[in-house]
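Right, one structure below, let's go through it.
Per-chain residue numbering starts at 1, and chain names A, B, C and D are given in the order in which the chains are listed.
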Amino acid sequence: MPHAQPKSLRTLGEALAARYAAVRGLSEALVAPLSDADATIQSMEDASPAKWHLAHTTWFWETFLLRDNAQDYALYDADWPFIFNSYYETEGERIARFARGMLSRPKLGDILEWRAHVDAAMGPLLDREDLTPLIELGLSHEQQHQELLLTDIKHALFQNPLGVAMWDGPGSKSQCSDGDWYAHPGGVARIGHQSDGFSFDNEGPVHRVLLEPFALSSRLVTNREWDEFIADGGYDTATLWLSDGWAWARENGVRAPLYWRDGEQFTHSGWQGRDPDAPVTHISYFEADAFASWAGMRLPTEFEWEAIARGQEGTLPAHDAHDGNQLDEAAPPLPVGSEGLFGDCWQFTRSAYLPYPRFQPAAGAVGEYNGKFMSGQFVLKGASCATARGHSRASYRNFFYPHQRWQFTGIRLAKDI
Amino acid sequence: MPHAQPKSLRTLGEALAARYAAVRGLSEALVAPLSDADATIQSMEDASPAKWHLAHTTWFWETFLLRDNAQDYALYDADWPFIFNSYYETEGERIARFARGMLSRPKLGDILEWRAHVDAAMGPLLDREDLTPLIELGLSHEQQHQELLLTDIKHALFQNPLGVAMWDGPGSKSQCSDGDWYAHPGGVARIGHQSDGFSFDNEGPVHRVLLEPFALSSRLVTNREWDEFIADGGYDTATLWLSDGWAWARENGVRAPLYWRDGEQFTHSGWQGRDPDAPVTHISYFEADAFASWAGMRLPTEFEWEAIARGQEGTLPAHDAHDGNQLDEAAPPLPVGSEGLFGDCWQFTRSAYLPYPRFQPAAGAVGEYNGKFMSGQFVLKGASCATARGHSRASYRNFFYPHQRWQFTGIRLAKDI
Amino acid sequence: MPHAQPKSLRTLGEALAARYAAVRGLSEALVAPLSDADATIQSMEDASPAKWHLAHTTWFWETFLLRDNAQDYALYDADWPFIFNSYYETEGERIARFARGMLSRPKLGDILEWRAHVDAAMGPLLDREDLTPLIELGLSHEQQHQELLLTDIKHALFQNPLGVAMWDGPGSKSQCSDGDWYAHPGGVARIGHQSDGFSFDNEGPVHRVLLEPFALSSRLVTNREWDEFIADGGYDTATLWLSDGWAWARENGVRAPLYWRDGEQFTHSGWQGRDPDAPVTHISYFEADAFASWAGMRLPTEFEWEAIARGQEGTLPAHDAHDGNQLDEAAPPLPVGSEGLFGDCWQFTRSAYLPYPRFQPAAGAVGEYNGKFMSGQFVLKGASCATARGHSRASYRNFFYPHQRWQFTGIRLAKDI
Amino acid sequence: MPHAQPKSLRTLGEALAARYAAVRGLSEALVAPLSDADATIQSMEDASPAKWHLAHTTWFWETFLLRDNAQDYALYDADWPFIFNSYYETEGERIARFARGMLSRPKLGDILEWRAHVDAAMGPLLDREDLTPLIELGLSHEQQHQELLLTDIKHALFQNPLGVAMWDGPGSKSQCSDGDWYAHPGGVARIGHQSDGFSFDNEGPVHRVLLEPFALSSRLVTNREWDEFIADGGYDTATLWLSDGWAWARENGVRAPLYWRDGEQFTHSGWQGRDPDAPVTHISYFEADAFASWAGMRLPTEFEWEAIARGQEGTLPAHDAHDGNQLDEAAPPLPVGSEGLFGDCWQFTRSAYLPYPRFQPAAGAVGEYNGKFMSGQFVLKGASCATARGHSRASYRNFFYPHQRWQFTGIRLAKDI
């Protein structure tokens, strides 16, 4: 738990309550620049309206904490579970995913009132030690949706030909320096969540993986390098691509990362000049893999990445990889990037998202959280500029389909040594 | 012109200005119950957001009146034509139709300000006699969009499982009495717009059509009769249906009019009990045709309908068919129906929407108004409860594809005699 | 009946038997150049395999004549109606249309044996006067499928990049001379089938239609004129097109008639040089309408076309319009064209395919023949080089959707005078 | 090389020539029961016509052996590479995959003649030691296509409602006895191709994988067990399924393995009674995974499967796992199954199909063979009744998408110990 407090100052319950307040408050801060209409629209089936994220996270608290654990708690509105359940089959029928964008009601203000109501009801539960694991899950769940909220609203605003910005200013200015390689001699690595803090079920159980010698780049691939890839015909050279990737790029006319036009890229601050030295973002696994082939290297496995992040074998540089300049409640929401392994963008690995040995989903409805998505997706490691502070760790496993690229996705190269 | 004023009281310009103000004001009155988000969402490609209708009609005035005719008029926002042009190819590229629902900006308030700006600029032009035809076109155009706005927002609110209402109260209470038949002996009828008032290009030229003897029902088909059709297996009897209609009903699981569930129907006032004696509405041409086959009758041609509406051969009942209780600016927007040929719902004819002999589209961009839609659609006559008062006439030709049913569409039967 | 024989030589039954033999024989002659595999493949849902046409027409005889009228007739194979019924709902379930191309069995030879079996069983029925109308319908039905067989196999062979030919030689050599106009002064025309011979139900009842003065071209539009249309940007000028047509052309990348490449066109004899003076063929209604707009003219109505074909008002040239060089059993199957109204290609009219006044479909299953297709299609008049001899007449109404163009479709222009 | 001969009897070239003849001959034997039309149809994009398999394998020999290595060899038909190249981008443009079913020409006979021509030309090359690796690749390639030919034609014949059989007799009669578990204590296993014989590039390099203790069933899941799964609501219990699997089953109405109806299953011998004790086949990964969840177990990883197949740790039963009753040229093509790990059906593993450490695709066009398919697919191990004899080995990695099930796919369960 990155934010643990000295016990002498606060009880655990107080600490949890403070974190609960901070996480919930951040969700609301993120939508502050949005109109009710901004928060209502849905740009594709993969994405959800900002308002829906605010409501769905609240549904999670109301369902799994209040309804199941708070005596005499009555649902705020008995019709809302139908529209704000995401995918929990055990929680009953729900609205079709692509219809979330039709929910002009309840209004943004109605949902904010619901949030306040739920937050008030949650108060007494934050002290109950038996609920701590579920509360931690709820906090992590809400943090995940904060990132989705940011990437989804970016995609929604991008649809508007007027170039709408939700924030002022030129946005983040992360840069990649020349970089170096973290070498790893190979051997048996311990993989999976190993501390007392919270983790998702898919991060465990801890197990051993045998690694061959390899090296991982200390920096991310830059926009400049991507421009070189394009200039060298990267999008026109079939032999660089996976078969499915080539078909996907042809069918969708993909010839650059998402959000690029000329020398600009679309950001939460609208169209901005593109920094050649910033990490390339918004690429698909297919593009990442093709780029790595073009560069004569490859993507790392999730195990290689984690081994470096854990500093095993003395390969990790001195500065702490966990303190990337991630999203901070006090700072502007999209801060300057870092050169650690976390904080600029999620990094594709060549590992498919699959269960670790002896993995068992959690019991009950929350068991639907991670395990049921284990086909067809790839693992991403690290964290992005849109990831909530404290929401990443070496064992964290993000996952997306190989064609998806509306997240802040990037590349860190690896090679055999 | 149904609302012409005595010249002694007002100049023609003053009359036009009054009508301009009334029409423009009604558009805004219609969206008064809507939130910005309500006005932003788009439920299908056929429909447009309410906000978009407000903006598109304003674009029409700005483009064809102000830009082309008002000296030194500068566009309010040079980026807006791209998003608010509907389909005028000669006016340049425009946003894809299905992307209208992504326009959370400009906000509803921004568009209302634009409307005020344009209305102010329009003032001097309302006196210019040379522009009267174009202004009349603009008014009729805006009235058409008022009806679409109402049917589109109904469809959008229907998507919301919460059963959202935009108006209070049970809605209209039109009823069909027992009814009778208007007989016509056949002969040559004069068809097409024949007065001095405004009409669309597709209503002319006036020409003669030879009719066989026929009779047209004095009333519309009711919900009760539709229930009988269903109970008799109407939706399961292939031989009643057009081939395309049968395929459409199978593919889409159509087993009742749009907006029906159990004994209720969805209205602008939310879910309401269904009056068995009210006209059936929200049916497709395919359903209308199947019903007529089931009833042993047929749909009228557009020419038969118009001949009866014109009262030729003395068949028209005494009361004036043109004064149906249509939408009135002062009254609630969905008023009580009528038993005339106008005002409850648009009535499908078995006539395809095609050019009249010697039809020529208007010159210039407004020539794209009607002619280019002359394939695959059927003509509807009359007017619905959502049609602006004064916006219908015997020669009016509405048109939709045979599967569309989100308009207030109904049936008036005909038979050979 | 174009082929009626003197009664002294033959009984009516003998004449019918001769025609039956000729029609059935022609179907088999058409597939002579095809392999079993050629006759099995299906290139699109609109088209059927050649083998299927041979079988479906035989199913028609077996079902409506033998099963219903021949004592003790047992179905040749009780499983075959499921696969060879086309669309007769009253005849039960049937294979999905797009699955006809999966029928590698029964083999072509099996179907030819079935044909022989059915032909033998039909013998006694050809004398029964009560069955004559149904037999005439069966003959016309088979002739229609002969034309479809030819257009469908052409489309199938076209899919093969090897440029397969089913016939030797350069194919037809029809040419359009300079041409002239048939003028018509307007007035009331008698429309619909008026002789004793066979006709489909949709050709009646006879009724009167009032025509305005017009002129119809004595010749068809040529390939040379179509090249001019292309050179003048016809496919790039939105204002020439119907809205649906423009969308169709964009979506499908349509920039020339079907079967064109460079200076060639694909024919039953493979790729052949394109004769600039031959009629343009394989165009859609959308293209025909755009061309007419570009030429400053229009397409005729079906009534105008029929009035000229009937020679009313003395406008028809001396030579008999019915003797176009159509398909002849003895001659090569795709003969030289004509300058009459029949024989080179079907000519789009601007008339939607709708019922004539007082139209009633035939009773029973055969009533599904024509009436149920009366939405969304346009009427074509005349006949094409692939139409069976004797299968066309002034009242004949062919019909296709406005985007379809795998038939031998062309243009005869009209204008107001 | 499982079929290596004593050197004293044959030269290596003679042995290769004998195998070449046997493999090529088997391809032709497989299509012997098929008509030209059977061999032409294509039932879905995943499958290819039988004729195309015969031709594509021949194209492989002609392109990579004859064209590149035989002096003065001229292509048999210069137009054929366009239609018979499968997916080799470096070999140029090719016909769209879904259009392979349109190739009624060349005829089956034409392709058999081409095969004879190529076989004759191949003679001299079979002695060239430098070409041996490429020839071995060609043989394995052709064997893979033999299996696809069998599964594709089964799928094609299944489309025919008449229940077509290509072979007589009731088909294979493999049975599963009670079975036992092969236990493995865990540890480091050597994975990948380790002998001198042929292997595909994706089977290497050899590398070490760390395994946890586990057990693998000695038998396959049976039809009887699958019936129990169905009876217990397996297809209706969302929590048993992967999220993508649940969606796939809903959208496609999947409620049983492919080819099942009532107590029967479709086979190469037509519809046959289903043996409850035979292995279940034609299931997707999604179904296999749901079944394993229902059974309280899991699927093995590809590494666990291979470790057992290699008999490491003494866990492999005495009888040789490699001698499953696979396809034999002399025997009927679909022989009785076995209880070894090979021969009844391909067994899904829970391993995604990804590159082994330090994997490098082969140079040149043949490098497109395996590596470019490494996204979204799962590894299958073993071999099926349709796999060519000698074409399987412990390191063999077959791969399919999780929804595909037209291969002979089945389940061997695993569990943690």
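The definition used in the following text is that contacts are C-beta pairs under 8 Å (C-beta built on N, C-alpha and C of every residue); 3 or more make two chains touch, one makes a residue touch a chain.
Please read all numbers here as calculations on a predicted model, not as lab measurements.
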| item | value |
| --- | --- |
| Chain labels contacting chain A and also chain D | none |
| Chain hops separating chain C from chain B, counting only touching neighbours | 1 |
| Chain centre separation (chain A, chain C; CA means) in Å | 60 |
| Centroid spacing, where centroids are CA-atom means, of chain A and chain B in whole angstrom | 48 |
| Footprint of chain A on chain B - complex, ascending | 35-41, 43, 79, 82-83, 95, 99, 101-108, 156-157, 159-162, 164 |
| Chain B partner contacts - residues on chain C that touch it in the complex | 87, 89-90, 188, 207-210, 212, 238-239, 241-246, 285-286, 289, 350-352, 354-355, 357-358, 367-368, 372-376, 378, 402, 416 |
